[in-house]
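We just call them A, B, C and D in the order they show up, numbering each chain from 1.
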Amino acid sequence: MSDKVLKIRSLKVIFPTERGIIKAVEGIDFEVSKGECVALVGESGCGKSVSSLAFMKLLTTPPAIIDTRVHEFDGKDISNYTDKQMKEIVGTEMTMIFQDALSALNPVIKVGRQIDEIYIKKLGYSKADAKAASIEILRLVGVPSPAKRYHDYPHQLSGGMRQRALIGMSFASNPKMMIADEPTTALDVTIESQILKLLKDLQRKNGMALVLITHDLSVVKRTADRVYVMYSGKIVEEGPTDQVFNNPRHPYTKGLINSMPKIGKTKEEFTQIPDNVPHPLNKPEGCYFKPRCSNHDPEICKLHMPAFENLSEYRSVRCWNPIEDAGGE
Amino acid sequence: MKYKNNIIFAIAKSLLNTLITLGQMIIKIWNHKKGRIGLILVVMISLIAIFAPFLAPYDPYDVLQRGARGVGPSTEYFLGTTSYGQDIFSMLIYGARVSMSICIITAILISFTGAIIGIAAGYLGKLPDAIIMRVVDVMLVIPTLPITIVLTNLFGKSYAMLIFIFTLFGWAGLSRVVRSQVLTIKNTNYVKSAELFGGGKWYVMTKHILPGVSNQLIMNTAMTAAGVMIAEAGLSFLGLGNTEFISWGKMLAEAQSSGAFLLGYWWWIIAPGIGIFASVSAFMLIGFSLEEIFNPRMKSSNSQYKVLKTLSGTYIKELFEQMEAADNVGGIENE
Amino acid sequence: MKIDYVIKRILHTVLIFLAVITLNFFIPRIGVDDPAERYYPPQLGSMTDEEYDEIKALTREQYGFDKSNLAQYAEYVKRLFSGDLGNSFQPGRPKVMEMILERLPWTLVLSVSTMVISAFFGITYGTFAANQRGRLADTALLASSTVLTALPSFIIALILSMVLGFGLGIFPCYADSEMMTSFDWSLAEIGNVLYNAALPIISMRIGGIVGYAVSTRNSVIVVSSDDYILTARAKGLSNSRILYSHTLTNYLLPIVTRFMMGLSGLIGGAVVIEKVFNWNGMGTLFINANLNSDYPLMMGVMLFLSSIALLANLTADLLYFVLDPRVQDGGRR
Amino acid sequence: MKKNRILLLLLIISMGILLTGCNQNDKSDSRSDDSLYVGYISAGFPAVFMPWLSNQGISPTVSSMIYSTLFSYDEENDEFLPVLGKSWEYVVEPDQVPQDQDYLEVRVEIDELATWSNGTPVTTEDIYLTFDLASDFSRSNHAGTLAWTGDLKHDYNADRSGELVRQGIFTVNHPGDYEFTEEDSNVVYFHVDKVLGAITPLFTTILILPEQEYNIISQELKLNTTSPTEELMYLFKNPMGSGPFTLNVDNSGPGVIVLERRDDYHLKDDDGGILYKVEGIKFINYLDEIVAINAIKEGDIDVINSSVSNIYVDNLSENENVSVDTSSSAYVQALTLNVNVPEKYSTPERELLKDPILREAIKLAIDQEYLISESLDGQGSMVRGGLFDENNKYVNDTLPFNKIDLAKANQLLDAAGYLVEDGDKFRSKDGVSLRFEITSNPGLKTTINYIQVLFEQVGIEIVYHEGGNNATKDYFYLGDFDMTIQGVSFIMSNVDMMMRAHFVTVGYSSNYGRVVDEDLAAKVNEMRSTLNYDRKIELIKELQSDIAALNYKIPLYTSSMSSAYRTDVFSGWVSVKGTGIYNDESLQNLTRRQ
């Protein structure tokens, strides 16, 4: 068990509203091992960001109401940790980066100072040491002329540089786990691959666990070791990346893969999943994917939510009628 | 000739559009809890104002219909009488005419001028924009109440003059807001494509820009009406408003200067105070509701907390258990 | 780039100031055929028409009405920049500038203390309410804001004066006139001023406190949901660190503007409150000038109020410039 | 959550500090001195006091306490009492003046004990400078109370700009054709218009200025220049007079004016003691009457300078320390018709008002009793012929009271062709309907409302029109009004002035609203210039009935004035007819209770 950095069992998050209760996350199990890169994939609105915040206990309660069976971090049960206790591990042992680096960085504070905060407030550095360390970390994440950039405000940096700075900030304390929430969405393709490479390098070098939250399967394919596919608040498929990509068992996963733009794909092969993710207040009876599923069984799919079945040691799927095993396991 | 017809047509059409938007807006306001209260209040006060002669038991302008002086609320005088024997209830009803009509007319005028000038500045850009915005800057710097006092001193304080002055110094803030909205709309694709396909300036302005800012305008009209009500009341309270008509502000001024305090005629102060409060808050409620309709971010997050309070702990626990159970349905079967 | 912005703002302010001056000069001249006739009505008794014409001519000469408007304007601007707002029409022709400066402190006592108090309580309570979202403190704030923003300050003043002043006698119903002339910075005098100013201040800004509180609350909420606050929380910073170092710096920006804008509005609005509480400030000076159609004084007060508003705007802009690095680089706010 | 608690605590603590700071009630020491506290209702106190330059607000009140005139007038005995002047006499008695001489000579002796507040004696130089300035256009325009100096007989060569032949006032140092003796060093001579009353305004209204200060006035530095120099402004701000009080400049401001008694004032009481018993006077400004009323109830002031509204009388009387004195006011309110319209403002309606029949009918539609009972709540009395005081020996008591007679009014109007068209409520003639605006300040609106009711019964429509804040400046002088309500008074000391303006004394006046009739003007002039006292009285009475018959100033009522004063701090209040309880006699008589 000790190689599991994060272990979550049955995470549930709801948001009460005037019009009803939004069930954002409906009981997901999630694990990350040391030095592993795990991706959590799904369309927007399926609850992956909420889950990632819940992993770090960053959701504000209220409005959110959270329940977990097991919540372990680095072997410690943190499910009953107080706010104060959490502060000790968040930002040092587990860190997080967000998609839009421009809005994720405080616009009125210099970039360097924002990194300093980690060193000063969390690691107890002196001001001067913190500055040196910040410049060093900026250099490490590949920001050119870091001593100069240290004094810049976020809006003065380019998008890629901002993202690097953000990564530097969350990497400053050598975390055991880093959650990257859509780290590359706001960037163009060349910068995207640079950033992914950087993340991957950092992860490998330090044996850090990396949780990648994304809707972009190409990112997953390039980066992740293992993947969780999430749909409407539930995990629908789990498995090693290559297996899931080569041999998707859940129709949703397949749909996602098919909708991936790919060189050489013909128009017929490039298909979108019809419809949208169901509104969280208005989820269908039975299997949530049923209305969008081309292969559903009118009886059982309508009545019951399928269970999360283990297909093999590494693979699980939540479907009454999984796609035939294409072999190659 | 044809050109002229086009303009008339365009005006008629934009007017119709405005009316339709207005109608839709009223429905939306009606469906909003706060808005409905505001709407009911405004309609009620307006009806009172229109039918004042039928509703008021006495004609407060008629000196012969004066009763006992300084009488408290009674069956004969619902809200008591003033030191001069005027029936306060009747004054309140007649006062609604002046107070409401001034603020509604002014608010509409301000919205019109503000919209026209704001759209002109935002859409035409360049020199017109620069000139208009500098004028707006100047207007916004000059304090409203004092300048109104100066102008009424110079030009008299007739009903029309008051409306004119309020409008003169009220449009600036709105047109700045409208302008910035126009700037955003101007750069949208549909406006650009309309221009590309040879839509004239007038066409684009009425067809695309005006509908784009109409939300803001209607919201602003409500808020301006509230503001004008306060300004008129303040001016009248200083004894600088129109003296020929009874307005709520003037009732307060008379109450204050005729010793309502000292003589303990609290009803003389409370009645117009409530009149002003009710109408101002009615307009504000409409304004707020529109704000929430157009910009739901604030509201929804707030209501979450309200809901949260009504939820019991056991209910949530059950809910979570349900979720887990649902998750395990298939699993159990398969085991 | 940076200096450019400051210079631009200052130039802009100067431009508007000139426009305000021009308005100030021309407004009292609108619709007057012969200002001299208005300013010097003839006396009862033995004055003949010739004598009256003589006086009018003299008046025209003394006031410079005989010169062209442009020449008068040039003269006006010239005097203005030497700090001379002209002489009032009041008997003895006291200097407008001196009259204003005499009253200004007493209006500032009201408006500045009101400002500071409402900003302090408003921001504190607003932050508090934002953190207590959905609970009593918050709901009470929202409820009272609906009520208080709809109540003009003078109605609050009247009610307070009726209840606390005339009714219960806790506070004076009107200001002690002597206080203003005999003020000597002793503790007792300061206390007396506060005691007298209590009701005006409360009624002027009870709504203001609520206004500040609501806008603070809202911007705290908006700012709190911004991504960088999430980042700060993900960094595991303490709550106070997040509040003071990240939230505050950002939500104070709009409030700075509000504060500065509020100042000029308050001084203008003090006119009404000063009347209710018999407070001898700029407001009463202005009303007095209005009653006597004392245009130099009226326009002097107007110019003063406008200048305060302008300065406040400029200060707000410059503060923004200092506080928000995005503005320094010419970005839009 | 902890943070919140700290915030809340901070909030409560600072609120507490604020409230305790506010609770320092030290009102008690406000009555530590022996001054008389006088409440004054106005929009604010002036910062400067130039005695001549204002006839509005508190300025004349304060100026007349700081400065003094030559004489004061005793209404009851019709005689001048000494102030700065010790005695006066005609050099040649009026009835012995040769027919061809158009002026009278008056000799005034200055009281050698009179001093300025800096201790220097008042000299003839002061008197000379004062009257010289007052009558010299090139150094000071007429303003305020100076209008009367036109009665000084200056003679010029050909026109006013020519060489001065005879000076209307001169002193020993500026001798004319007179021989002076040694004792004459305290004497001033006046050459005045051959009008009996002319000396009254010269004696009693012109405040004497100190020559030592005002000698700086020249053609370059006019007295009422629009931009006074620092030097001049200093004089205005620190007035030095010869009156019984001095201004405490340091303690005076927009809300308070502090006057201190001069113990070296030259006039003494009968026992040779100090004339004014109050040690000082504090005028306290109140923006609203209600505030002043509350102040007197609270004991913050001893007396209110002006008349208080009737609605407060009962309330005030409830307080055992407050008394209310009721006396008749100095004015008759008269409905004034604009019968002398300047061409610029002529309208068909205003032309109609020139018709004496219409004016007669208007008079007949006025019911004084009704107005008094309805708009004054009974607090007033009826008036006749524009005058009110039946005890005044100059009043023509053969004049009848105006009585309402609607039938006769309607009959007159019908006969004169003012007819009610079909479907119309009001009369019209030649397409001009009888619709008049009464231009007035809002204070008189109630009265106007009742006039509306009365006039409706004879088919005349009356509309209220607010006439601006300053009646004289805004409409009365210009002549831009149909009707207005004007205060009219009749004081013997000014009778020739009153008569010429047809009784008006309130503030400024003008020809507008006054019938310009050649016969009448001639009669007024005869009255003014006749030197036979009995003939003068006879003409005064005749003129009263002539003027009343013209019906352009229709008396409405004279309202009572109620003065409120406290009896617990000072005793010895004296009520004076026409001025109320706050007056010079009270000031001389009041003593502080122990």
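Note that in this section a contact is a pair of C-beta atoms (placed from the backbone, for glycine too) under 8 Å apart; a residue touches a chain by one contact, two chains touch by 3 or more.
Only a predicted model underlies this, so the values are computations on that prediction, with no experimental measurement involved.
Chains C-D form the pair joined by the most contacting C-beta pairs. Legend note: the chain whose CA centroid lies nearest the centroid of all displayed protein CA atoms is C.
If you average the CA atoms of subunit B and of subunit D, the two centres end up 49 Å from each other.
For this pair, subunit A with subunit C, the centres built from the Cα atoms lie 53 Å apart.
Between subunit A and subunit D the centroid-to-centroid distance comes to 89 Å (mean Cα coordinates, whole Å). Subunit C and subunit D have Cα centroids lying 38 Å from one another.
Among the residues of subunit B, those touching two or more other chains are numbered 153, 256, 261-262, 301, 304-306, 308. Multi-chain contact residues of subunit D (touching two or more other chains): 288, 294, 469. Among the residues of subunit A, those touching two or more other chains are numbered 62.
Interchain contacts (touch definition given at top) occur between A-B, A-C, B-C, B-D, C-D. Contact residues on subunit D toward subunit C in their complex (touch as defined above): 3-4, 7-8, 10-11, 14-15, 18, 21-27, 30, 42-44, 46-50, 53-54, 56, 59, 137, 141-144, 146-148, 150-151, 222, 224-228, 233, 236, 250-256, 258, 282, 284-288, 291, 294-295, 468-470, 472-474, 477-478, 497, 500-501, 504-505, 507-510.
Interface residues of subunit D, counted against subunit B in their complex, comprise 288-290, 293-294, 297, 309, 311-312, 315, 374, 377, 442, 445-446, 449-450, 452-453, 464-466, 469. For subunit C in complex with subunit D, the residues that touch the partner chain are 37-38, 40-47, 51, 54-55, 58-59, 62-63, 86-87, 90-95, 98-99, 102-103, 117, 120-121, 124-125, 127-128, 131-132, 166, 171-178, 180-182, 188, 191-192, 194-195, 198, 239-240, 243, 275, 278, 280, 284-285, 287-288, 290-293.
On the subunit B side of its complex with subunit C, the touching residues are 134, 137-138, 140-147, 149-151, 153-155, 226, 230, 233-234, 237-238, 240, 252, 255-256, 261-262, 266, 269, 273, 276-277, 280-281, 284-285, 288, 298, 301-302, 304-306, 308-309. Against subunit A, the residues of subunit C that register as touching in their complex are 133-134, 226-228, 230-239, 241, 245-246, 249-250, 253, 323-326, 329, 331.
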